[in-house]
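Labels for the chains are A, B, C, D, E and F, by order of writing; each one numbers its residues from 1.
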Amino acid sequence: MKEKTVSESKTIMTEMIMPNDTNPLGNLMGGNLMRWMDIAAGVCAAKHAEAHVVTASVDHVSFQSAIRLGNVITITAVMTKAFSSSMEVYVEVTVAEITGANPRKSNHAYFTFVAVDQENQKPIKVPQLRAVSSEELDRQEGANRRREIRLILSGRIQPSEAKEVKDFFSKF
Amino acid sequence: MKEKTVSESKTIMTEMIMPNDTNPLGNLMGGNLMRWMDIAAGVCAAKHAEAHVVTASVDHVSFQSAIRLGNVITITAVMTKAFSSSMEVYVEVTVAEITGANPRKSNHAYFTFVAVDQENQKPIKVPQLRAVSSEELDRQEGANRRREIRLILSGRIQPSEAKEVKDFFSKF
Amino acid sequence: MKEKTVSESKTIMTEMIMPNDTNPLGNLMGGNLMRWMDIAAGVCAAKHAEAHVVTASVDHVSFQSAIRLGNVITITAVMTKAFSSSMEVYVEVTVAEITGANPRKSNHAYFTFVAVDQENQKPIKVPQLRAVSSEELDRQEGANRRREIRLILSGRIQPSEAKEVKDFFSKF
Amino acid sequence: MKEKTVSESKTIMTEMIMPNDTNPLGNLMGGNLMRWMDIAAGVCAAKHAEAHVVTASVDHVSFQSAIRLGNVITITAVMTKAFSSSMEVYVEVTVAEITGANPRKSNHAYFTFVAVDQENQKPIKVPQLRAVSSEELDRQEGANRRREIRLILSGRIQPSEAKEVKDFFSKF
Amino acid sequence: MKEKTVSESKTIMTEMIMPNDTNPLGNLMGGNLMRWMDIAAGVCAAKHAEAHVVTASVDHVSFQSAIRLGNVITITAVMTKAFSSSMEVYVEVTVAEITGANPRKSNHAYFTFVAVDQENQKPIKVPQLRAVSSEELDRQEGANRRREIRLILSGRIQPSEAKEVKDFFSKF
Amino acid sequence: MKEKTVSESKTIMTEMIMPNDTNPLGNLMGGNLMRWMDIAAGVCAAKHAEAHVVTASVDHVSFQSAIRLGNVITITAVMTKAFSSSMEVYVEVTVAEITGANPRKSNHAYFTFVAVDQENQKPIKVPQLRAVSSEELDRQEGANRRREIRLILSGRIQPSEAKEVKDFFSKF
């Protein structure tokens, strides 16, 4: 089975916030940010899978600080884990003024994608992911628990079947 | 304290899927759908709050069935619970072909918004929500648990403080 | 012959006015409003016809009050009459501030569409429309006169053939 | 009182039909065409008025032949008559394939605009229009009748007051 | 061999500068202007070639004066020379306020296009260009020198082979 | 005088080619590519200058290979030289299929920007650029010659004053 590293599919996207991306208060609308995150994450997943992909889910996203008109955002998408035909991608957004001033992390999210055959859009197998750095290993480590939560939330498994999540909460 | 019903802020949005909304496979991209859901939910929250609002978070969203170029989607956003200055909005998306054929639920999500003062964008109080129908009461009922999960996920409380979530999982 | 009610195809669209929709004075441009009205009306007609449709005409539209950046508009499109393969759709636009303040009717228009075969884009028959409420009957009632005016204006009949219009003006 | 010729404000706009301008059948949507016509007509009126303008109305528009993806349209907007602070603009659309093949008139419409003060958006006086060619004089000639029809349609005068329209129909 | 005049393919495009076309200072971004110039020039070349065309190159463009939000630009594209399957198009941009005030030339550029077969996108022969006026002849005259510069800049000929350019610089 | 490295302002932008970016042949239009290159280069220059910037010029750009709908492009912008208040930025575009297949360099261009004061948009001084790697030094080396060519092309110096360019051509 083919195996690929995280850096082979790492994707960076830079966008300048234009007027139409903002609400009447001059802040980037959350939905527009998610649209860009989805594209960056999708490009990353497709590069890993060497195939077309479709968005399967987005985990909880929170928006802590306002991003303003004219700000520049940098979106970095990296693979965290490859399952059979689905993949989890971690997306992190940093923001700064156009002059580079006031740089800070804005937010992050986990997206999942399914690789599909172009012809009939059926799921196909994807290469394994080789996590190397401790950061990459940490992200891969939590992937199974995040997956269980998704399966509960989308109603595909019962909470009672979510072994990793139960273990996690039982620690407290 | 002012109190408003769910129907006072209910918001319906219809969109036809245009070429630029789709990926190379001709499917609506997940991020574009979230962009519309965010606008519909934001209009709903602003109507309830009678104020400007900013997106605070989006809960887990999953995309089960492909939405195709030329399909028509209907997005319905309703308030589920008003907290002090934040609000939870439930958004449901249905989809059908342009001819109305093959109508089905596509997906749903919970968005939270914070009402802010237009001048300095500080949080302001919002009216209470009066849930009336059993469906409205059901949605309000789960809101506290969903809120705890968000607070854990955004790192603002420890899992040990998430009383409702612990209770929920301890049942299994 | 199949018959459908008005409510079966009623279509509601909500849009928030973004910067690019406005002119340098910060007002929604008339043409942008007509673009949305056309989409809402087209979705309505396609749903009634259960077929693809093409815009055949738009009757006189007047723009009485300015719609401002950040305002929210609600476009409601309802069938008024189904002819053989063409349909008349009534579109009404209401507007309010994002906070819901200052709600008012903005304007309205009558659009006509022709249902066409997807293959060769030739006109096809559409279901009859069953008007039930007095409002629906009123709108259906004026449809023949509006149709005569359109035929005159597009040069397809002579004013002398416009029986209903002549009768209308002879009353004064 | 200042007087200007038709050619001083004549405005030509060329657009290539892009994917997002078309419906699922690959035809330019009527509303998108009206959006461009409104911009071309507005630029023409503003140039004549030497002031900002707002769209007041659009007369009946019919769409006879399909405009296809990749076609090139040419929109020509010319002043037909200047009233006190409002202006009537005639807009004609021609279309051809990208190669210039199959050129034909697509459709036309009359738009009216009101010149406004930038500060408070109140109507202001506009220069008189000097029609010179027989074509320009013909268009100016019908402007009063078209104006009466608009006043009836927008409910500002009673049909009984529409002298020119009554005269027109009484001839048949 | 077919021969066509410059006026047969002359293309005029008018655009109003919208919010999303501008940077945070309220100036039209250079890249947006080039996007419109490319479309106008491409429509011109396609009309001359009576074929689809692809952009081959853009010569040096400089942006001397700021174009502001709400300004109106007029882009005029004319053929300067037809080579075997490529064509040089001169594009000039003038700008004025929406009221027509402060009209001035903004900038210009030379674009080259290659006519291609729609089927397999291979270059095809184009009609010869007949320059008539002294202005048209002047523009055609410099076309060979500009072409040599392009061939050097894109690395397809050595500077030593650029006879016209060497002659030009040797005069000083 | 402040000095900054090339890597401090390096900017990477990833874009997926959407339907509206392409011509009727399904190829990315050259003007759209230049629009993105301008944004990436502008973000790079602003980061170096720690100020707002305006595009001053774009050097010759050639488009050698077609970029197709659904392809993914990566735009990398790096500073090559800082003059007094202007800066030269090198932009390189690589392209691959969505699956990562067939990666190749598409094209490149040199953009120049002027740093301006936000208040009155007058030129302001920028930090010096410290080129370190041999590649950075090579790019800086050619910058003076490219600048002379720009000054000739924009008519600000006579060819006889272009010492570096004359020297260059006299070698052949």
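Annotations for the structure displayed:
In this text, contacts are C-beta pairs under 8 Å (C-beta built on N, C-alpha and C of every residue); 3 or more make two chains touch, one makes a residue touch a chain.
Keep in mind the model is a prediction, meaning the values are calculated, not measured.
Looking at the partners of subunit A and subunit C together, the chains they share are B, E. Of all chains, C has its CA centroid at the greatest distance from the CA centroid of subunit F. More C-beta pairs in contact connect the chains of B-C than those of the other pair, out of B-F and B-C.
Ranked by distance of CA centroids from subunit B, the top chain is E.
Shared residue numbers account for over half of those found at the interface formed by subunit E and subunit F, and the copies are therefore classed as meeting with the same residues. In this entry, subunit C maps onto subunit F through a rotation of 180 degrees when their C-alpha atoms are superposed, rounded to the nearest 5. Looking across A-C, A-B or E-F, the pair that copies the D-F interface, with over half of its contact pairs the same by residue number, is A-C.
Our note on geometry: subunit B versus subunit D, Cα centroid distance of 42 Å, whole angstroms. Here the spacing of subunit A and subunit F, counted between their Cα centres, is 30 Å. Multi-chain contact residues of subunit C (touching two or more other chains) are listed as 16, 19-20, 23-24, 39, 42, 52, 98. Taken pair by pair, the chains that touch are A-B, A-C, A-E, A-F, B-C, B-D, B-F, C-D, C-E, D-E, D-F, E-F.
Those residues of subunit D whose C-beta lies close enough to touch subunit E in the complex are 9, 11-16, 39-40, 42-43, 46-47, 49-52, 72, 98-101. By the touch rule above, subunit C contacts subunit D in their complex via residues 23-25, 27, 29-32, 34-39, 42, 52, 54-64, 66, 111, 116, 118, 121, 149-150, 153-154, 158-160, 162, 165-166, 168-169, 171-172.
Those residues of subunit F that touch subunit D in the complex are listed here as 19-20, 22-24.
Against subunit F, in their complex, subunit D makes its touches with residues 16, 18-20, 69-70, 98.
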